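Each of the two complexes below includes subunit A, the first together with subunit B, the second together with subunit C.
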Partner chain A sequence: MARRDAVGRLALYGACAPVLAFLLLPSLVIVPMALTKGQMIQFPPIWISVHSFTDYLGDPQWFDSTVLSFQVAALAVAIGCVTGSAAAVALHGRRFPGKGLVTGAIMAPIVVPLVVFALGGYLVFARLHMVGGWVAIGLLHGMLVTPYVFISVQTSLQAALNPLLVRSARSLGAGRLSVLRHVVWPAIRPGVLAGGVLGFAVSFDEVVVALFLQGPQTVTLPVRMFTAIQFELTPKVAASASLFLALSVLVLLAQGVAMRRRGAA
Partner chain B sequence: MAAHTIRTFAVLRSPAWLLLPVGLLYGALALLPIGVILRLGLTDGGAPLRSVLRSPLLLRAAENTVVISLLTTIFAVLLGALLAVAVWRAGPALRSLLWACILLPFWTGVLIKNFAWASLLQDNGVVNALLLGLGLTDHPLTLLHTRFAVIVGMVHYVLPYAVFPIFTALRAIDPLLERAARSLGAAPRWVVWWVILPLIVPGISNAALLVFIVSCGFFITPVILGAPSDMMIANLIDYYVHDVVDFDAAGALSLLILAAIAGLIVAQQVLPREGQHGAA
Partner chain C sequence: MNVALPIVSLPAQAEGTPADEVRPRGPVADARHHLEVDRVWKSYTSGVHVVRDVSFSLAQGEFLTLLGPSGSGKTSTLMMVAGFEAPSRGAIRVDGRDVAQLPPERRNFGVVFQGYALFPHMTVLENVAFPLRMKSVGGAARRRAAMDMLDKVGLAEFAARRPRELSGGQQQRVALARALVFEPDALLLDEPLGALDRKLREALQIEIKQIQRRVGVSILFVTHDQDEAMMMSDRVAVMQDGRIVQLGAPDEVYLHPETPFVAGFLGETNLLRGQCVGQQGGCAVVRFADGVTGPARLSRGGARPGVGAAVLASIRPERIGLLARDAAADCVVEGVVADRVFLGRHTRLVVQALGRTLVVSAAEPPAAGVARGAVVRLGWSREDAQILNEGGDATG
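Then we have the complex of A and B:
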């Protein structure tokens, strides 16, 4: 029986290996492709040169787009951390009819197609003469970031904040703000941090909203890449893609740290 | 609920004004825009909606969207179930490694992944080099800008979305059930067929719906990896906005998408929930 189990296990992992290769392959090829000496992306690459990285950072348009993307993501994370954390705290330990509906509404930006928000945002911001400004992109990205922070904070609240703690703090004379500062904040801090990092990646990668709200001065890095990829596959795009890859590794690490801390709590 | 219980909760709960920021943000950037879209799409007694519904472009895009999303869902759920079972059966160290492999692509943006696939699938890319090297073909195959490439890129994107619900359903299974079935004389494959599989059906159907909903909204992948004839419904909205500059038609189309998504989400609520049979 034990031997048959081992054979089954081997078959299972044997079947998984190609799927894992399929999952990882795209992430693994980006950096090697950026290191080619050639002007086009090809296989095998002509190693080894960092000209693609200097091309990317030396191009003022691409450099400005990178800075703009950081700016937009920072605003989006700031907004998303406030809205997402506040909503998670408000719903924690509360039971009321329709709570599922409220949670569903907060999570909606994940399932509603981005193009609908992009069009709607364009129509609203056009009336306010805000299309073509980075604030409009940051605001809309703030909404896209909210569900990620919400989920992350909700998880850390469930792990670390017994609603009874709030009650005892209150009964010992702490005011509402004092409870938020000394009881709730320490419990949600890891969740806010992890959610903020996830949210940063969400905003930094986003193309569709940024494409609809772009102006001559506000082309984010993903929009610039999206436009470039449609014409040709250059090592310069691979170089900027390496930056995104580094970011997703960072997100993964942040998530791992948050999970470990949650496990320890 | 008795009156005193409500009062207990009143002491425990956090202030309701904490929902205000999210309400304001979503109100201004989701509800208000949807209101504007509704007004645009339904002007002149729904004339834009009627003209969009009659457009041959819509039929083409809708057909593409359904066919591509269904194929993506089938592949993603099959591969996702395989990965979920592997993670479920793995020991702690292997489990962390598998999660890392699944989550790294999950947190990489769609644009980066599509760019990588475009480079892999192009005529002088890795995949063609491999096929030529193995002697499976004597000339590079056209893989990029085909429906095949779109489905590869989309399955790669949505695969983690398929793993999560199936894994949650597997984790909720009481391990004693399997032992009980085995001790009563069931062969391992019958345990899988009669015990495990019925328990994870809700997880699988949730995964399929989630993947299908996410797939229907794809915009980037058909542009980068597909041919112009692979245009999906989101690309059609972009076409109406940026090429035809007809916001009424774009609004009408958005309404159709929202209605379809709402229908699917209602279906998801009606379907049996995860953990219903297990230890949850």
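Then we have the complex of A and C:
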């Protein structure tokens, strides 16, 4: 028996390893390519230099795009957290005709094909003369972030907000606002945080909307990478991509630590 | 400060009578906090009435239980008193003031739910201090009052813990402390012990009673467990289909049920059909099957059956005695023992008599010599046979 187990396990690992490699390699290959000595993005890279990183950070255009992406993501997360949480709290435990429709409308931005969403956004903001400004991109990204926050806040409401807690608080003298502050907020805080982090990642590497709404002064980092890879093949693309990778690894680690801490508590 | 009594280990009698307990109620100590539910209805637009014309009052320091099966309207009634549901009709008064229109946070009731609903992100002390915080009591005073109350329930040393670090019994005490700390007009308890196993349940029942005696608060309690209701209450209101069908002291309701439902819901009983052949004091003389005739107590509120009317009587199994050969009783029946089960504290006999089976719960000494197939003489007194009202107007 034990022997058959061992063989089976080996076969399982043998089958899984290529799949994992297939999933991870395209992301990991970026890092050595950023460490090339050459002036072109190429594989295999010419070992080993960090000049592409210093070039990337030293180039004002690339630097501005990076700052812009952070700016857009920050606005998007701020909007998404407020609207997503508010929607989740408002719908929690309520039943009314048309609730499915409302939920559908909140989820629409990530269900509707992104090009359609981006084109619609473009037409609206063109009318408002806001195309080419970062606020327009931030607002649309905010709509994209909302469903993510909505879902994760909904999950934490279901997990942590016993309706009896609300009733208890009311009977103990808490008005509706106090209930929000002392009972609802502590329950949804982890959900808002998780949704916000995820939303930040969504906005930060979003290309389609950012492409439609770009202007001379508002080229977000992924859009700049996208155009750079077509015209100049600079290793700065790989350098900035490595930055993305580092960011997402950080987020994953932070989530892991948070989960473990919650599990232990 | 440190007069915390280890509640669990206290025998129930060590507390003194509730009347001479000191009530921590400040200047309003002698005001009678009086809760009155007056002809309250709860109806839905679908035409369903979940509470129908319910009236009762709760005196200062009284323990009143709403007892009924699920769907009988007991929880809806409690929720209307607490303010989570609005009555469709009727008034809910505290000291004569109608509170039916006030939101729950502006009423002054301490509510304890099943599972206790303690705030998981707050410490025990913060939980207990919460209602005072909501009433804008200053930090130091709040802390002091919350600590005092924790002291009273014997949990002062657990003040810094989180609720999930406490046992079920300790959590209940925190919930009670939190509901008591702001000196509510009454405690409302909605099946707080519903989800627990029997042993813990019994321990916590005793604890609730002890805390009530110590603090002197009025309690409105909801349960579907008749033993719990009888053990804890000063008065029991039995509910069925949204109505209170009988309200009285536990022994009164148990021994003298007024309807077949109350008789059956509060425990095992023998329902005997018969015919009224006359009246005698507060009793009807009833002829049962086989020509056996005996007096049975009339219910206080019920209609008097006329001579010749069909009646239904309820006799509890433990109220039927095994009679020695020459002993007398108000009503005597002979029967054959069909089954006999020894249950420790008593022996359960199933006796074939009056053309049916009677369940008799007898103490072991008289029941010891009785074997299956034996002929026995059974008897009961006029006080122990209770005439029931069948379905309101059916008795005529």
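Here, the second predicted complex is superposed on the first by the 234 of 265 C-alpha atoms of A that agree within 3 Å, B and C clash if a C-alpha of one lies under 4 Å from a C-alpha of the other, contacts with A are read in each partner's own complex, and residues count from 1 in each chain.
Going forward, a contact is a pair of C-beta atoms (placed from the backbone, for glycine too) under 8 Å apart; a residue touches a chain by one contact, two chains touch by 3 or more.
Since the structure is predicted, the reported quantities are computational estimates derived from the model, not experimental observations.
Applying the stated contact rule after C-alpha superposition, one finds that A:160 touches subunit C and leaves subunit B untouched.
The wider contact with subunit A, measured as residues touched, comes from B rather than the other of subunit B and subunit C. Touch criterion met: A:116 reaches subunit B, while subunit C stays clear of it.
Of the two partner chains placed around the shared chain by superposition, neither subunit B nor subunit C is touched by A:151. By the touch criterion stated above, A:174 is placed in contact with subunit C alone, subunit B being left untouched. Once the two complexes are laid over each other on the shared chain, residue contacts for A:73 go to neither subunit B nor subunit C. Once the two complexes are overlaid on the shared chain, A:212 sits against subunit B while remaining clear of subunit C. In the superposition on chain A, A:30 makes contact with subunit B only, not with subunit C.
Contacts of A:186 after superposition on the shared chain: subunit C is touched, whereas subunit B is not. On subunit A, the surface patch touched by subunit B in one complex and by subunit C in the other comprises residues 164, 167, 170. Note for the complex: subunit A touches subunit C at residues 160, 162, 164-165, 167-175, 178, 182-183, 186-187. Those residues of subunit B whose C-beta lies close enough to touch subunit A in the complex are 9, 11-22, 25-26, 28-30, 32-34, 36-37, 40, 79, 82-83, 85-86, 89, 98, 100-105, 107-120, 122, 124-126, 128-129, 156, 159, 188, 210, 213-214, 216-217, 219-220, 223-224, 234, 237-238, 241, 247, 250-251, 254, 257-258, 261, 265. Taken in their complex, subunit C has these residues touching subunit A: 82-84, 103-105, 107, 109-111, 113-115, 117, 119-121, 130-131, 134-135, 178-179, 182, 188.
The touching residues of subunit A, when paired with subunit B in their complex, are 4-5, 8-9, 12-13, 15-16, 19-20, 22-27, 29-30, 33, 41-44, 79, 82-84, 86-87, 89-95, 102, 104-106, 108-109, 111-117, 119-124, 139-140, 142-143, 146, 150, 163-164, 166-167, 170, 176, 180, 184, 198, 201, 204-208, 211-212, 222, 225-226, 229-230, 233, 237-238, 241, 244-245, 248-249, 251-252, 255-256.
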